[in-house]
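A, B, C, D, E and F are the chain letters, set down in written order, and residue numbers restart from 1 in every chain.
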Amino acid sequence: MSIVRTNTPRADRAAVDRLANFGVATVHEAQGRTGLLAPGMRPIYAGARIAGTAVTVSLPPCDNWMIHVAVEQCREGDVLVVAPTSYSDAGYFGELLGCSLQARGVRGLVIDAGVRDVRDLTAMAFPVWSKVISAQGTVKATLGSVNVPVVCAGALVHPGDVIVADDDGVCVVPRSRAMKVAEASAAREAKEAKSRARLKAGELGLDIYDMRETLARLGLEYRDGSAED
Amino acid sequence: MSIVRTNTPRADRAAVDRLANFGVATVHEAQGRTGLLAPGMRPIYAGARIAGTAVTVSLPPCDNWMIHVAVEQCREGDVLVVAPTSYSDAGYFGELLGCSLQARGVRGLVIDAGVRDVRDLTAMAFPVWSKVISAQGTVKATLGSVNVPVVCAGALVHPGDVIVADDDGVCVVPRSRAMKVAEASAAREAKEAKSRARLKAGELGLDIYDMRETLARLGLEYRDGSAED
Amino acid sequence: MSIVRTNTPRADRAAVDRLANFGVATVHEAQGRTGLLAPGMRPIYAGARIAGTAVTVSLPPCDNWMIHVAVEQCREGDVLVVAPTSYSDAGYFGELLGCSLQARGVRGLVIDAGVRDVRDLTAMAFPVWSKVISAQGTVKATLGSVNVPVVCAGALVHPGDVIVADDDGVCVVPRSRAMKVAEASAAREAKEAKSRARLKAGELGLDIYDMRETLARLGLEYRDGSAED
Amino acid sequence: MSIVRTNTPRADRAAVDRLANFGVATVHEAQGRTGLLAPGMRPIYAGARIAGTAVTVSLPPCDNWMIHVAVEQCREGDVLVVAPTSYSDAGYFGELLGCSLQARGVRGLVIDAGVRDVRDLTAMAFPVWSKVISAQGTVKATLGSVNVPVVCAGALVHPGDVIVADDDGVCVVPRSRAMKVAEASAAREAKEAKSRARLKAGELGLDIYDMRETLARLGLEYRDGSAED
Amino acid sequence: MSIVRTNTPRADRAAVDRLANFGVATVHEAQGRTGLLAPGMRPIYAGARIAGTAVTVSLPPCDNWMIHVAVEQCREGDVLVVAPTSYSDAGYFGELLGCSLQARGVRGLVIDAGVRDVRDLTAMAFPVWSKVISAQGTVKATLGSVNVPVVCAGALVHPGDVIVADDDGVCVVPRSRAMKVAEASAAREAKEAKSRARLKAGELGLDIYDMRETLARLGLEYRDGSAED
Amino acid sequence: MSIVRTNTPRADRAAVDRLANFGVATVHEAQGRTGLLAPGMRPIYAGARIAGTAVTVSLPPCDNWMIHVAVEQCREGDVLVVAPTSYSDAGYFGELLGCSLQARGVRGLVIDAGVRDVRDLTAMAFPVWSKVISAQGTVKATLGSVNVPVVCAGALVHPGDVIVADDDGVCVVPRSRAMKVAEASAAREAKEAKSRARLKAGELGLDIYDMRETLARLGLEYRDGSAED
């Protein structure tokens, strides 16, 4: 059964844009260390940093037909999330599809498979997170579904969830929690800013985070190693 | 039996130079999706794009002696293609061999193993596609062969075939088909240029490629997802 | 038993700084092809090149507590070397710890696991060699040890050993051999400089290294391949 | 937030027991090729074939504390499904936990990580599907959750879903679809029994499944290859 | 262009049956260490040992249609060799196809992808060498070719070549060299039989193969290690 | 510099034989979770369980010459431990070397590379733990060393250390600690025997190990999930 769900609700735009200010590591921590895609998902070029709402695609391995179907469901501010139903490292997506998505205001692509034309995609600043770069083409023969829940690189993604992606990888934030996670991310950053200043000044984490006593209680021993030779 | 075949015929230079204008993805499609090396073959720096005629080397694992033998067989416009007879991630090739090949007009190296001195090779703009970067040296103890057919990263390469390589990976074009594939590549690019203009203008692939009817016939269903919450 | 060895001796600073002039491939060759870490250890950005003395950390998988303990043991000129006791691709180290180490004059991090905040670490020019980039956080629950011998990415590292790292990977030089290896590296470079000049001038390695006779004796055959077609 | 959900509903026992008659490949096909765990999930011994209802465990990497918590939630006919929140190949489960589960009538374990004591587990006929065998122990330091939805080896598993596992791997059937999938599996097997008889008698799939015309229409060409030599 | 080559010549049956007496390691050595498929190709059960003539299949990833086409081209004594054109770990082949091949006298399957129904295939003693076991099904949508040269798991296989397979893996012997390689294998085995008797009697390879002098000349040093403590 | 250290001391035989009674998981725990080789080290057949004293071999990749040298250094009760200096999956060891070692009373082989003739080695009950099975042969061209410390599959092994291996993998026990670790293993087994009896009787680990209070204090919550549907 192949379906395309249209007009699916998106996470609140203000929350999404706020999340775009934070790195993946911060967001991941802020929502209790959930939602991270497998670390094999790498950006095709360094420096991209996005947040957007997921349009999801579940498709057969080595068949990119449903990506064409999904383009129509994309709006400004979306991120396309593509998950084949079986492992594949073929190149499902290239520069032409990138032009099409960019024309609709899509902010990037996350694909648990391969991408090609990376030179062109880089030149046009369309960011892609994929597990491989591959020129291997795909067919257009079998249906899949758009805007159904998918497991992408080990993480569950629902349509409308927020995708945050940067040089560290990709994280998904459930639609209903977007604003809360944005706030928690901001709180975390504020706290880290204070630690950062102290660490740069030479203070130790051992002292800032008050670790010495617990370490000693658990039995950590210090021994002079200077005599060794 | 270890042999060096000398003066092996090369693909037509005009065809090679024409192929250099196209990306690997285009060439791979243009010859019917054949000849692609495994996607694990990655360039040591971004942006290189070459086409050249293959001088092939079959050598024992962790032994780079035959590369020295192969250098002598290289001419201006060649690409060296190195395939160990057993899996290895050692570094068979470094900056000195790069200097030697560059002095002979060789356009790059494709090796189903490791390369080292990548900082220097990048500085001198000698492009290499390899499956790993490794400082591990090799010995010079056992013979291999030069300019025999080799399987390199899963693809069959004959001496004189055209190697096309860019940020997407590496593709081999059989010597006798070089001009035909160049022509097919040009045709493909011309066709894509038209699609690109329409896609950038916001038209959908669904319409440009006339997919709607077939999708419907195969049973693709659209459902309003706006009520979800 | 968890211990922190303090004031462990470091390799001679002059030797370390001399080793910093050479690439990993050179140093690895100069010490008889020993001490190389597995090639999966990659820098988070291109172009970094360091040498420093190892402060070692053995820690439980997915627990970065001991890194905080280790920071205190670091001095100017050190390199932190982190080895979990079981395979893990989580992100044990981020920008805050980078600030802390940089404030103490540490030259870089080598970790047989994951790192995060790579955008920030790149911006602040704190080099890291890791086997993966991962935003996945770790806990602070279980003790480990600092400045004990560790196996990191397949290589044995003692505290105070010299770590040399560049775009080719990471190599460890035993503390007591640092100056000898620096000298052998210099000798190797001097010798290579001569070969380089001749190779750039178009001479062949076959002649420079006098290989032809041995190759012929072992049975290498040359055959004219021009007739093929 | 760490929770244990108690008394979660299970799939209908009659449906589960009926599913136990079919292989994983059949069940996977019968539910439209969904629910298969990654093929890296292998049984520790050949010949085991089970179906049971999932008790799910989400736990921190290298920490098996929550397995002890989960045991209490298990009943006769269950299968324990364990998914660490980050990649790990440590051995979370051994013979003692196997005794504990077997005493409660649990039918097997599915773990996206490592298992140990496989010799003992085999001797006591407690089947385990895991991605690795590893003697590496884990700690008991950090909480996780029991009977929450988990992504295990790439597949989404809810508590109470049916787990079907055999030498081909592991498949999950949603709780509410268990009887329907059992019926579809039976229908599929009946159909295959007919094909089997004909194939064994020497008939060709080309004829049984009426493929010749379609193949010819798509352009499949037959050429006599006997002259080659 | 999709073609099926019919009546392609097979290697001499007497040579094939003679090769069936030798292990893969012996045959691989006897033909100069060529023709070995990648070691990832493993048998689904231990103890199978076959030799047969290759019927080759090149097919699109995740599409097993051409296997049905290939069955018709198989004769008694053949081995089916299947190579997808892009990496895939789906299960292209199961028990029904096994019945069909076995009915035609086919001796086994070699597939650079996945197989399923391994319990049934084992029970019916139809041996398969594959890189993975996977219940994931495939489609029947796109053409490929039968009896064309294929690269399978890194080795070039022509139709009619001899496939030798056992617990060590899979090796291909070119059709025209089959008898010569069988003879060389027999000679190798005869020689090894003599060594075996001497080694079992306690003689050392160092003496049997006369290695001591060469080792000493190359600089191997013996040192008494008994004082160590 | 290639050396063979002769007459290196072995761990106490009584301690070794006592360790042979325990599984790898037990021994690994008993010595504080150290010394485990990477889980990729798998036995070629199920059911083998050995302990013996290490004779170590460091050798160049794809060159097994030093194994012949090492055989002479082996005595009754030893286990040969082979570590190439660079990654390799070739088959360094086969049945003939197995005969030679078995004639000397060697108890098994541990090799961080490939092994071949596994059918014969299984038939003669010579156990091997390797990371791969591969028929790919090696050369005899370059020296290495015998009875020097090696890193094998991520663990440091000194000559004379105890190697314990079973279906769970391989563990190394430092020579000087052999008897202490044997005693700790026995103590651990005795303790586990008591737990086993209680677990089999249906008691829960939660109660036997007194975990409930700590779990509650850390915040574990129980919620009734029966209403879900």
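The definition used in the following text is that contacts are C-beta pairs under 8 Å (C-beta built on N, C-alpha and C of every residue); 3 or more make two chains touch, one makes a residue touch a chain.
Just so it is clear, the structure is predicted and the values come from calculations on it, not from any experiment.
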Point to revise | Any chain in contact with chain C as well as chain E | key: A, B, D, F
Check your understanding: Taking shared residue numbers divided by all residue numbers at the interface, is the value for chain D and chain E over half (same) or under half (different)?
Key -> different
Check your understanding: For the interface formed by E-F, which of the candidate pairs C-D, A-D or D-F is equivalent, sharing more than half of the contact pairs by residue number?
Key -> D-F
Practice item. Look at the interfaces A-C and A-D and say which one is made up of more C-beta pairs in contact. Key: A-C
Review point. Expressed in ° and rounded to a multiple of 5, what is the rotation angle of the C-alpha superposition of chain C on chain D?
Key: 180
**Study point:** Chain centre separation (chain A, chain E; CA means) in Å
**Key:** 42
Check your understanding: Quick one: chain B and chain E, Cα centre-to-centre, how many Å?
Key -> 28
Exercise for review: Can you tell me which residues of chain F touch two or more of the remaining chains?
Suggested key: 1, 33, 39, 85, 87, 89, 136
Practice item. Sort out which chains touch which and give me every pair. Key: A-B, A-C, A-D, A-E, B-C, B-E, B-F, C-D, C-F, D-E, D-F, E-F
**Study point:** chain A-touching residues of chain C, taken from the complex the two chains share
**Key:** 1-9, 45, 65, 68-69, 71-72, 89, 91, 94-97, 99-100, 102-104, 114, 116-120, 122, 132-137, 140, 143, 147, 159
Revision key, fill the gap. Within their complex, chain A touches chain E through residues 60-63, 85-90, 136, 139, 141-142
Check your understanding: Given the complex with chain B, which residues does chain E contribute to the contact?
Key -> 1, 32-34, 38-39, 85, 87, 149, 151, 154-156
Point to revise | Complex contacts: residues of chain D adjacent to chain E | key: 23-25, 28-29, 33, 36, 39, 42, 46-47, 49, 166-169, 171, 192, 195-196, 199-202, 204-206, 209, 211, 215, 218-226, 228-229
